[in-house]
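Structure first, then comments.
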């Protein structure tokens, strides 16, 4: 393939995807680029195929330079050139594109210069699923985590000084300074235990046993804090997800957040096995349903419709005593949220605007059905 | 024992158990087969008893071949031969039966060929208790677990490249390529710490300390996520178990899922010590009970009946103001679920069909008692 | 001190404490005995003071023999000799007393025979606080824990066989059989990582990396399951503790478990800072309090009374509209459980027997105060 | 800089900060002092700059002596000299100031004497965020944690004795006594695994495998207990924080703790996305809000006011049917606590003093607005 043809193709890719967070070709380029960078350091492999490795590495670099140029141009057109260039993502794009050429120009050993390709990996970060949730947990639990870290550092330093004092005469090579003892302490306190440096005096071993047990304790605290944080975050996420489902229902959309929060709190969770009939045609309806997780099948005349996560059904029941108009059953183990008519009416007493919205909607539908 | 007699006995076993998930003789065959396979590799033991080891291994193989043939025939009779043959279980049966003979035919070293017997172990998988629950947790927490895995891989690669850069000149044997450094990184980040490859430069040790602390963090996140998932799954399991208990009560069976869910939510958990009297004969009854976990003893005239998990009693109280007809007490620490008459009546206001069912049942019992 | 005097003193100790679970002198004997047993194995220490070590060991042994005899005699007097002798505790007492003399008689090396003194340690088991709670968690979570254990074993065997296959030619000394590979696998999967046996082929290292990551996973699952179990057990313990507090209140004692459970569920938890006034003299009382954790000070005329965990106060308020008769304030951060008059009255509608009890109590107090 | 000038500056610092828990210059002195103490043990570094290192160390020591003297004088002026001198903090100050000079006077090697500077590190303890929370968790979970510790110690001793018995003949250097075996056991049970002492007999390896798996179990229990404790502590902290927010509202301040606890329990949590309008000017208000976490912007005429954690707004709604007087929206993802008018009125039925307070407040505001 000639180069003049490769570049337009790449450009098309890039233009098509320039507005999105992370593009599929960029993922592939990161993967291939890092793999080649690793291969470059394996002498027998590199000697056998150094033309190919070099070619692919240069192509990846070209791709990232190209990406940077396209994004920069796109940002300049929107008069946000500097904003992009100085943002975290802009800087990462710049480093990905310019670091290796710069190192080569400055006369670095090519094998070392290409190692800078490891920065390409950070381009994957915005695409990691659940990273936002993880960061929130870390932010929320900063206080306890920091205090565990301080305890960790104090045990580290105390035990290092003690060990240096106890072992320096017996093992002058391993414990010749406090930093050397720190190396032992960090490998022990994290329960890594390389075994390259090991105390041999009885007192030193006693200190070491204490440090190992502290390691378990620090570990346990750390985990306990993170587990608690995750549980809270998950609860919160579920609430926000439910909220979103509720606010998508047409006649709830106009309500204020206090009313939506009230509705959300009134929802009862209901776990159902697969193939359970939820609504029977002709029954008196007394509640509406939201699908939190799972799927239901609506048995309409002539066809079967499936509803998935976030969908709702049976909302007519809240507008009057209408009879159910179709059979609905779960297709797999599902989690539904139920809003009872009785609860809903109690809610209307609190939120007069909700009552008005509902009345208007009921009148509209009545007219429609006439 | 002559072979002609052994095989019919085996066949009887198999035919009797062909329809079940996992059979006791198969468990034994897996256990014995894997043990022999292990023994085969221990030279002194094998030399001492190679006739026995070989005989047992061949018998196990025969068993699995036989099992496969019986199952295949059974499936063909039900016109589902291909379905079974291509299902996960069918393929496992085929591999268990055919892999070793095939390897031997293709001229592999017998000691290596028999190692394929390790695949027999997978036959135990469907019988593991709680595996379904475990899988659900892993599925539900896929998002956060994946994001921790990506972080894990990023720390792994970054630290390997850094270590390769810092240590390759000092320890050309241990850190001669990035893959070699990856080997160090994975042993360090998982806090395994073999100690066969250890950084010796001050900067390398600093990076290593950072990697170890990251290891603790990754570990903590991992555990926190799984703990949260398990807590949610346990809650959900309890709800489904309660649901099942409720739906077994005759006059609840006809209700829709919304009413059963309502009943389930109205149940209050009650932990009782052993030998506590729950119901006294002649008292006014005002609630019914479900046994979530434990056992009660009903003191009927002339005999004592014991009720276990999932049983219910005192349901008459919901049909009218009948007096309690027997003493009932716990035999050990038990967890009961209580449904109060008052709550139950509130429920009837919401679910008119429930009221009708109850009325019909009460009338039926009244007639019966006349 | 002459021996004839030592033994009566010991006998007095033992008789006084024979009925209790674990006696203080026995704890001391276990501690001293095990310490001496350890010292016996340290050659320089033993050579320096072997008279003392031997004397103390024989004294400990004598103590345990004596303890066994006294307990056995005590049990025989209660006609439960065999019950005790064959119970876990009886057998442990017998082993503690007889194992070492038996080994010495059978001609074992004294240094090895005294090692059996390690069995003395089990005498401490019944005295461990919270052991019952721990066992309940393990029993409740048996299912998931077993399934993790099975997964653990499967990974162990699979990786051992793979490693034996991959490394046996390169390292015939370390991986010369599957059991030898199992030794590597268990050290790796538990992230212990001794480093005495380490894979050196690239494929072997890949398998090892996979095993290490599995180790993290198994660890996380294990911890997650135990954390969930502990949370449930703690909740349950709290309920039972509250129940106990409630059933100690005189006029609740006569109620059935359903009513007590109802009261327990109606209690609201209230965390209060230190030095907060809960009740002011002369105020209208509308609730009663239980102390779940902490302490309050009642400011009675002329003296100050302190109430601790499990105590209750303000119960008069439930019997009528009596005015509070004293100031009550917390002395440290405390957790109270509050039972509101309004909730309590709703409860009386459900439980007519409670209403009668309360009326009777109120009349009794009225008469008393006249 | 001449010394006479340095000291007055230091004195000014100290006098200004003597009453506070931990002073910024003291933090710096601890950091610099410990860093220098570490540097002192690194021979090449110390040889290159020993004048500087010594000078800084003496300066730090002078600072701590000075701090001690100032604090002691301050305490004596308040007639609490002995109280301070014998308190934990007073003793730490004394040790920080006097230990090194004392060691030098007693003729210790300077390099060893300065190691006592590690005690300076404890001065940071009172400043660690969240340490109080951590300590509460440890105190609350003392029972289960102790029982895990006892199990840990029992496994440790049992396995050590077993290992000593099994390995002493094969490895007389590594397992020559039970204490030596304990060293192996502690490194194995904590999954540190140095690998300096490793069993080589088959039975020894079986025991070791068992110890490693026990290590996982102990670890899991430990973490599970701490995670549960943290979850409970976090819930409790949140309740106390909410309580504090509630008791800051002027017209709640006069209420008793029972009423404040009631209000706190009635608050519903509401998570809102950023830029969501909570209150619209002119709407009918029916609830008040507390900010648990986040920020809102009040759109007053002519200016925008931001309210942060712990602030409250919309409290007028509880005093009457006033119309909302301003638009309020969130500036970022926020967590609000909502107190509904309806709930609040139900509360007033229970707490007549609350009703009076509210009436008085409403009348006061009415007069104000006239």
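As written, the chains take the letters A, B, C and D, and residue 1 is the first residue of each chain.
To be clear about the criterion, a contact is a pair of C-beta atoms (placed from the backbone, for glycine too) under 8 Å apart; a residue touches a chain by one contact, two chains touch by 3 or more.
Nothing here was measured: the structure is a model prediction, and the numbers come from that model.
Between the two copies, subunit B and subunit C, the Cα superposition rotates by 90°, quoted to the nearest 5. Ranked by separation of Cα centres from subunit D, the top chain is B. Our note on geometry: subunit A versus subunit D, Cα centroid distance of 28 Å, whole angstroms.
Inter-chain spacing, taken between the CA centroids of subunit A and subunit C, is 40 Å. Looking at subunit A, one finds that residues 179, 182, 191-195, 219, 223-225, 227-228, 231 touch two or more other chains.
Subunit B contributes residues 191-195, 223-224, 227 to its touches with subunit D in the complex. Of all residues in subunit D, only 34, 37-38, 41-43, 112, 115, 118, 121-122, 124-125, 128-131, 133-134, 137, 152, 179, 182-183, 186-187, 190-196, 218-219, 222-223, 225-231, 234, 268-273, 276-278, 280, 283-284, 286-287, 338, 340, 342 touch subunit A in the complex they form. Taken together, the subunit B residues at the contact with subunit A in this complex read 143-144, 146-148, 150-151, 154, 157-158, 161, 164-165, 176-179, 182, 188, 191-195, 198, 202, 205, 208-209, 212-213, 215-217, 219-221, 223-225, 227-228, 231-232, 236, 239-240, 243, 256-258, 261-262, 265, 349-352.
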